[in-house]
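Across the two complexes that follow, chain A remains constant while its partner is chain B and subsequently chain C.
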Partner chain A sequence: MRLLTHNLLICPVHKKPLAIRNVSAVDIIPVEYQPRFLLRMIPRLDWSLLRAAAVSVESDCVDALPEAAPSPSELPALEKAVESGDRLPLLDALQRLLLETHVVGGQLHCEHGEFYVIADGIPNLLADAAVNPSETASEQAACTTEGS
Partner chain B sequence: MCNCFRRGDLDTNDNVRTYHIWWRRSNHPKTFADLELQCLFDTVRAPEALDASAASSSPEHSGGDLSHRVFGVTEQCILHRHQQSAFAVSLGLTDAEARAVARRAVLVHAVYRLWCSGTSHADCAALLDSLCKAGGLKYALPKDASYFRFEQASHGKRLSMTQQQRNLQIYAKLLDHWTTVEQRTIQLSGDDVERIALLEDHELAADCGARVLVGRRLAPGGQLCPVHRYRLSARPFIGTTSMDAELAFLMANVAGIGPGQTVLDPYVGTGSILIASAVLGASQVLGSDLDRWVLYGTSHTARRRHRNGTAGRESQTKSDSQITLLRASPGRTCTTSTIEEHPANATNRVHALEARTHDRNIAQRYHILDNFRFYGIPRHQWPELVRMDLLEPAWAVPDPARPERFGWCDAIVCDPPYGIREGTRQASRACAGDSDEERTSRTMRRRRAPFAAHLEALFRLAARVLCPGGRLVFWLPAVAALTAYDLPRHASFEYIGVPCCQRMRGDLRRYLLVLRKTDRMFPSAAAASSPEVFYEEAPPHYQRAHEDLAARLFRVAERSEQLLQAPNPSRTTVPAADSGTGDAETAVP
Partner chain C sequence: MRGSVPSVREIETLLSQLPWRQFQSPRVHLEQYTTPVHLAARIAHHVALCIDEDERRSVQAVDLGTGTGILALALCLAGLNHVLGVDVDSEALELARANAAALWELCPQSVGAVLEFAAVDVQPNSLALAPKSFDVAVLNPPFGTRQRSADIAFLDVACHLSRRFVYSLHKSSTRSYLSRRLERFGCTAQVYARLRFDLPATYVFHRERAVDIDVDLWQIEVKR
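Here is the complex of A and B:
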């Protein structure tokens, strides 16, 4: 799962954004530089979610990412720079984060407590596959009492 | 005497909006080709070009004698066609745009620039001759083209060799003119040979009298999507309902997919539609599915079962044990990395097929991404897969607080399950009355959902994630001819073209529906519970063509959708009586 895809996902039950936690594996797969596509995607992104995701995968591009998304008035200037062939640090960071960083294993946490598992790079966002830590804890407690 | 198209422009200026002849393929009903052309016309024509074209189109082109033959109008582009004829004539594209359309169109043999039309070859030759004398045809061929040849085609009547020679004799005067005055030479083969087409169409003749069409060939069709290269029979991973390559390209074309776009297939299956989208240049390709095995990979592909047949029974049992081994070992990279790139030549391909057949016998696991690796599609166009139930979608809906983030997807292209070969399943949540065991065995808990529920979910998703102008393309299965009462409608969508029918076995048929998102906002959150899809008011007791498909097709009352529970039971409010049907597919055969 690329971070770009993560930005477009929400919790199927509560319809809230999901936070990446307990990352067990991250792949960096370099791909062709695509400034135009990234510019097109900037207005479609949830910027705070992207920043949080970048922190949780411990990417080295966090510093290059501004606090807030470029405003629509700044986009034409960026477009002009891209047309003239400049490499912009912002787009380099976005390229690395959105297109090249793959979360292969980890969890997606909803703010309501349950989490979804990412296995083999494929998040399982079925509502009935949500793991509720409080339920699991009580089940484990039940198991241990049975065992004893 | 027909003078519909005979005043075509004869210069080679690329920026003139003029007439073109589209030679449509006949392997599908012609309506498919028309729909594809209509959608591609919309795609290739830049919005700013539309105003300019309205001014530049000369009055005789939009004259009253044409208006009664206008079948499809897309913005400023008009397509004249007869239901059965092979040739359709369009008005309003430049040569460059026509080439761009032909490059992508899978249901087009070739596109020609129309020079003139007439009831007979003599008629056309006389017209061309007079134009030559007036100096008009001097520009008909590009200045740098010094070779040309004639090619002939006929629809509705076989053209014998003698007849072809006789036709050429008629144009002999023209040959004299070009070879002597313009210093051009006839040559039969080569890349730089301009082809002048003499096309006969007897169906069109019956319709509007234009039996003979003469024009210059601009481009062959479908260069960008060579269907043969992407055929299912050579693909590593296919399933029972994989979309045929040609239809997948057709769907991607009518969805107007191009570079930089985001495409979503919420019923990804084996990924055929996404392959077509990626080949046509989509930058972000997303797929989701409920089925675990298409996402994580399986060795039970349709081809494996087909090829092995009964002879493979032994290896089947042997391989089953290995599947469990593979399932137990995490990570699929070791099994999938052995798929080779698409071989360049035929002999290699045979070896590759043999190698794959051999591999298959040792229970290799296949995966959607194997197909992308096989075709050498660039890594950034590989699909991002998410496992989800469309009836409880997890794709981000726009935030009302941030209206500018409205719609992140450019096209939704999919083939929903019809409930016949692929079940219309949904995830069934744990219910209050379930035992602990049922509550924890979450992976296989499925139940049938009515097709209408999927339709509703698809429209709801599309209304929320598509950007304005984005397209929704899908197949609607039906057991009877579609009427206006059967078409699902949504406040945010409008139909493009007419639904195209593909006959399948028995009474079953499916219709390709193409919808465009209008600028209207999706319904507010207040209406979240009420259905958004509506239908035209039908006569009482009218049963829609896509309702209760399986029960009507097989005439089995048990498969009726009325026996299904209401969709989407919430986690706590479901009565305990439902607990026994955690997997309703076994309860409802």
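Here is the complex of A and C:
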């Protein structure tokens, strides 16, 4: 799962953004530089979610991401720079994060407590595949009591 | 693969070499049947032609109910560079990914495509995708032969997700109903082509042979 895809996903039950946690493996796979696509995506991105994701995967691009997304009034200047062939640190960071950083194993946590598993690079966002840690804990407790 | 759109034939030839062109054990209640290769090629070719050449590589597309990924891969071959394939069946997605790997071997120019898969239920209540995240949504929905209006639920989801275009297949017999419904939503919709879909025998009650059904390929321009 690329971080681009992560930014488009929400919890199937509560419709909230999901936090990446307990990352077990990350792949970096370079692809062709796509500044026009990245520029197009900027206004649609959940920027704080992207920043949090960059931290979760311990990306070295975190520092290249400003606190807030470039505003619509800043975009034309960025477009101009791209058309004239400039490499912008912001777009380099977005290229690396959105298109080249893959979470191979990990979890997607909803603020309501349940989480969804990313296995083999494919996130499972089915409501009935949600893992509810409190239920799991109480089930385990029940098993322990039975066993003793 | 850059620039002009490859022909339907070229796309079809590549797709027909993929290892998983059919579901191994289709789940009847989901009305799982793989989009025939020639239909996938035709749909993808049409979608690509509808998007300006200089924009084609920077639109984000979603394939709803991607199954073994045939339509998603066809879109990549047609020159769309960002495709997300989603399906409720995570086992099918593993086949889709194997198909993608096979395609990259056959057609190294496509390796650069940003193709992703995620297990997502394409139903309004359990959808795990943010609204208006995509420029284009394509779908080959269940035709509703098992579950009534299953295709309409898919279509509603597609219109909720896409900013611009939805391409969808529906039984021709539902044409006037769909047309009224889409008009009510304020969408501009037209039937682009009438096609024959050879539905595998699995899905036809009390019949042993596969049947052809008439389907329409709709192009829907979503209200902004």
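To be clear about the criterion, the second predicted complex is superposed on the first by the 148 of 148 C-alpha atoms of A that agree within 3 Å, B and C clash if a C-alpha of one lies under 4 Å from a C-alpha of the other, contacts with A are read in each partner's own complex, and residues count from 1 in each chain.
As a working rule, contacts are C-beta pairs under 8 Å (C-beta built on N, C-alpha and C of every residue); 3 or more make two chains touch, one makes a residue touch a chain.
Quantities reported herein were computed from a predicted structural model and do not represent experimental measurements.
With both complexes brought onto chain A, simultaneous placement of chain B and chain C is prevented by a clash. Once the two complexes are overlaid on the shared chain, A:Asn124 sits against chain B and chain C alike. In the superposition on chain A, A:Ser59 contacts neither chain B nor chain C.
In the superposition on chain A, contact of A:Leu99 is made with both chain B and chain C. Once chain A of one complex is fitted onto chain A of the other, the partner contacts of A:Pro72 are limited to chain B, with no touch recorded for chain C.
Contacts of A:Gln107 after superposition: neither chain B nor chain C is touched.
For chain A, the partner with contacts to more residues, out of chain B and chain C, is B.
Residue contacts after overlaying the shared chain place A:Pro43 against chain B, while chain C stays out of touching range.
In the superposition on chain A, contact is made by A:Leu4 with both chain B and chain C. Residues 1-2, 4-5, 8-13, 31-32, 34, 36-37, 40-41, 44, 46, 99, 120-127, 129 of chain A lie at the contact with chain B in one complex and at the contact with chain C in the other.
Of all residues in chain A, only 1-2, 4-5, 8-13, 31-32, 34, 36-37, 40-41, 44, 46, 99, 120-127, 129 touch chain C in the complex they form. By the touch criterion stated above, chain A contacts chain B in their complex at residues 1-2, 4-5, 7-13, 15, 17, 29, 31-32, 34, 36-37, 40-41, 43-46, 72, 99, 119-129, 139. The residues of chain B lying in touch with chain A in their complex are 260, 262, 283-284, 286, 290, 295-296, 330-332, 378-380, 384-389, 392-397, 399, 404-405, 407-408, 427-430, 436, 440, 442-443, 445.
Touching chain A in their complex are the following residues of chain C: 57-60, 81-82, 84, 88, 90, 93-94, 97, 112, 114, 116-121, 126-130, 132-134.
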